[in-house]
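In the two complexes below, chain A is the common chain; its partner is chain B in one and chain C in the other.
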Partner chain A sequence: MTTTETAVAAADTAPRDTRQPRRRRPWQLPAARLAVPLLALLAWQLIDPVTDLVPAPADTIRELYSGFVDGWIYEGLRATASAVGTGFVLGTVVAFPLGYLMGSSKTLTAIFEPLVAGTFAVPRVILYPILLAVFGVGLEAESAMVAISAFFPILMSTAAAVRNVSPSLLKLGRSLSARPLQIARKIVIPDAAPSIMVGIRIGFSIAFIAAIIAELFAAKDGLGLLISQSYAVLDLPRMYAVVLLVMLAAFAGNLLLWWAERRLRKA
Partner chain B sequence: MLPTASSAPGQPETAGDRDGRLGVRLADVGVVYDTKDGDSVEAVRSASGHIADGRFVSLIGPSGCGKSTLLDVVGGLLAPRSGTVTIDGEPVTGPRRDTAMVFQEDSTLHWRTVLSNVAFGLEIAGVGRKQREAAAGDIVALVGLTGFEHRHPRELSGGMKQRVAIARALVADPRILLMDEPFGALDQQTRMFMGRELLRVWDETRKSVVFVTHDIQEAVYLSDEVWVMSARPSEFTAKVVVDLDRPRGPGTMSSRRFHDLTSQVWEVLRVESEKALDAQRELEP
Partner chain C sequence: MSGSAVTATARAPSRRRPPPVATVRWGLVIGSVLLLEAAARIGMIDPLIMPPPSTMVVRLGEIVAGGGFLTDLTTTAAAVLSAFGLGAVGGLLIGILFWRLPFVGATFEPYLVSLYSMPTLVFYPILLALLGLGPAPIIVIATTMAMIPVALNTMVGLNSISPTLPKLARSLNCSRTQTYLKVLAPAATPLVVPGLVLGFIYAMIGVIAMEFILASEGLGFRIGYTYRAFEMQDMYAYIVFVFVIAVAANVALNAIERRVRRDME
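And then the complex of A and B:
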């Protein structure tokens, strides 16, 4: 470690700095990735004795473990997962074709762009009371909340991605007399896929946030509900345990999408 | 050594075309297009000419004179406001199977391999995989990309990407190749090399070529005829017949005749470019 540091320092002060890109050893990146959460865990452990409001990491992890062994966490986990899953899929299925249409028509963009951008700024959570009134407390209202939240980033990024498809590729399609469906499948979607996937990943993250926030307000089940319940009785280890699980779940979900995106890009 | 499958038998010979019906014919073509601000611009006023079957014709003119616009009209991507374009006597009403285009910008499909890029036109036309990959393989060899069939465009240089674009245009065996500054984005050395390669491929396939460029030497070196366009709204102000021997090679460019022809083109072009510059100055406040 110190040798590389001195090497870097020496290179920095060298009079004729040719800036050879420093070769990274294969283990360095994974090690750094692992080091960051470990450092966070260490910081957490250090804060613990200072305040009563933070349980020790060990207590939190033990509580999370008990959640799986004793089973109190499953119902909430299942409820949140199905709300996120249903809502996210629903939001994507609606947002993607609409975004595609918007991106391929200047007129539609001119009409809807300001509306969508404006609506995007409205906190979606204010719609939750309305959804509760329509659907009642439960999976339906929550999924609708998630769907609406995922809808906007996916719509906007799909529209932008489709709009930015290279004009010469579109010209190529026209010069080959490609049918609209062929142009969509063989030119526009593959060319726009990386940007669309970014929107879908952002949509997923926002979907997850929406589900937890909705559950904090009103829900029959869910991780958000578990957090607010344990907060109400100041069962801090349990509250932290659920928060930790939410973070891990969101992380895992995003990792899965990231992996899918890389697979798609290679295909 | 090189496949000659693309020079399909049964193609009409130029010699048999006594009435000049074959080939591309422009008759008083005028093109007007609308800008984003709602103005309409008269790009081409009246362009007439005949590109006989198998001829290599370059269009050259001051920048913004409507060369590319005219090429789009021949390719059926843009309808003329007035006049007609006919190919073998048939009016052009849209993109046709017997014309193929090559663009200046990189138009390779970056998610596809070279082979699948080259086969793309056939895929769109509904040709089965085996057949189109066999055809693409032949053309890949013709344009000198053997060994790169399974590479992706990001692994290729700019010149090689344009080879892919040329191969893609050739694969469906079109009669007419429409090239819109295909080497415009390449550096000078690659450009000259690609010109030579294009002539080699053209020699083996004998397509009619309409080649848009702003490079006089390139135009003279490649073509049978160089058509000089005027400033916008444009028409053809001169058609220079290039009587240099073929096959052309490094010696061509150092010949006396080559210099005479390039200066002849430049004389016409210089006048038109000055007009175009003056027009631009007038637009500026």
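And then the complex of A and C:
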């Protein structure tokens, strides 16, 4: 019995690529994907009457709307945005040239890569109290936290991308007696750009998460602080509104970088 | 002939290279620690901002010898292991499900991938309200973080199995259990194991980060607590401990991963 079942199942799947959904119309997959957030919203709506701890989606969205109309959200939003922006730019500006250097030299890779890879599992947030001790609570400490978090993925992906530039392209450049800066601008960076963007995207999401953790721990302003403050006074619609905004902001940032990555890949 | 001669001479210096490279690497590490030590000793760094590294290590020794340390360590370790265990089982099941039902897999895959990059930890007040202050909210968030790489790698690993293998299993009259355990599982292992390694690392990062903002015990909590209490030496001692443990875990897991992959090839 079991053997027949397996045989039938195997006969059914074996000749095809198992990844191909079988006999579906082209619109079915996008429709199913679209249904997921709608079902999540429905589930949220259904949980609301069951417990006092979850406000209805409509109340949450109304509260978020009021945040923009009455303006209570701007201060926090501005603080988080500037910390993430400053730190992310800072991390990228430092990580990119270092990654480029590391990727173009086998010796530098051999020296530094094990060090960088070895610290991969260290939760970056444990460094936040050190930054607080150095800078005090405020924008500087949070930006530094964001910069450190973004630094490592961008460094690693830049190094890997530069290392993977096709050697024949580099040979071509040299045979055309291009100067190092020309080789960098015309050959290495265009070729490595899509892979570097992957690192920048990952760096952004890690940096954003680090900023929120930092704000939940100690901050003067920010969305994370708004969450913990509204939780402390049990203003649940406001708390959910900020949580929703944080998720939407992370999603939008990722979508934007992912779109940039795809454009670079096509070009 | 001349080609092999060229590669032989080209390879010779690189064969001699490993010792100097390792020396430089460790020289840099030890050098920067000594630099910090010197800077802290001569007063270039305010002891309220950072004590000398040697003081951190001595203090760590005292903390480990003292009472509460073991409680923190076991709390964190228990949370990491539970989050990893739940995440691994859940991730494997989701991965298998998404492989068996490709349409479901294709539907949920983009959401699973983007969940990676979402600050899911902002749900902590909700979990805190639902589950209370304790290990449960921490474990829930760390579990979701650990589950994603396991699920994605399992799905990709199973999808990349050559169709000839299930065919072979069928022609050998394997039972369903035999097909799963003796054919599919070993074939998917080279990709599943890296997923498990990532899952463990994410469980560790998740637990320590969550303890940092919401806990009353654990290593992550202790770092935040000693900061708020202005016990800088204790804070650095705990940071050094977590840093060393995380690096050691990473090195050990990578060694296991390499071994498994080598055995599989």
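Rule of thumb we're sticking to: the second predicted complex is superposed on the first by the 223 of 267 C-alpha atoms of A that agree within 3 Å, B and C clash if a C-alpha of one lies under 4 Å from a C-alpha of the other, contacts with A are read in each partner's own complex, and residues count from 1 in each chain.
The criterion applied here is as follows: a residue touches a chain if its C-beta (ideal position, glycine included) is under 8 Å from a C-beta of that chain, and two chains touch if they have at least 3 such contacts.
Values in this document were obtained by computation on a predicted structure and should not be read as measured data.
Participant: Name the contact category of A:246: first (chain B only), second (chain C only), both, or neither.
Facilitator: So A:246 only meets chain C here.
Participant: Looking at A:178 after the superposition, I want to know if it touches chain B, chain C, both of them or none. Which is it: first, second, both, neither?
Facilitator: After superposition on chain A, A:178 lies in contact with chain B alone.
Participant: In the superposed arrangement, does chain B or chain C reach more residues of chain A?
Facilitator: Result: the larger residue contact count on chain A belongs to C.
Participant: Have a look at where A:121 lands relative to chain B and chain C in the superposition and call it first, second, both or neither.
Facilitator: Touch status of A:121: second partner only.
Participant: Applying the document's definition of touch, where does A:129 land relative to chain B and chain C: first, second, both, or neither?
Facilitator: After superposing on A, A:129 lies in contact with chain C but is clear of chain B.
Participant: Go through the superposed model and pick first if A:39 touches only chain B, second if only chain C, both, or neither.
Facilitator: Neither chain B nor chain C is touched by A:39.
Participant: Share the list of chain A residues that count as touching for chain B in one structure and for chain C in the other.
Facilitator: The answer is that chain A has no such residue.
Participant: Chain A touches which residues of chain C in the complex?
Facilitator: Touching chain A from chain C are residues 14, 17-18, 21, 24-25, 28-29, 48-50, 99, 102-103, 106-108, 110-111, 114, 116-119, 121-126, 128-130, 158-159, 161, 163, 166-167, 169-170, 173-176, 179, 201, 204-205, 208-209, 212-213, 220, 223-224, 226-227, 232, 235-236, 239, 242-243, 246-247, 249-251, 253.
Participant: Can you name the residues of chain B that touch chain A in the complex?
Facilitator: Touching chain A: residues 75-77, 94-95, 97, 99-101, 103-107, 109-111, 120-121, 123-125 of chain B.
Participant: Which residues of chain A touch chain B once you look at their complex with the stated criterion?
Facilitator: 166-169, 171-178, 182, 186-187, 190-191, 193, 265, 267
Participant: Which residues, counting only chain A, touch chain C once they are in their complex?
Facilitator: Per the touch definition, chain A meets chain C at residues 2-3, 5-7, 10-11, 13-22, 24, 28-29, 32-33, 35-36, 51, 53-54, 106-107, 110-112, 114-115, 117-123, 125-130, 132-134, 201-202, 204-205, 208-209, 212-213, 216-217, 224, 227-228, 231, 239-240, 243, 246-247, 250-251, 254.
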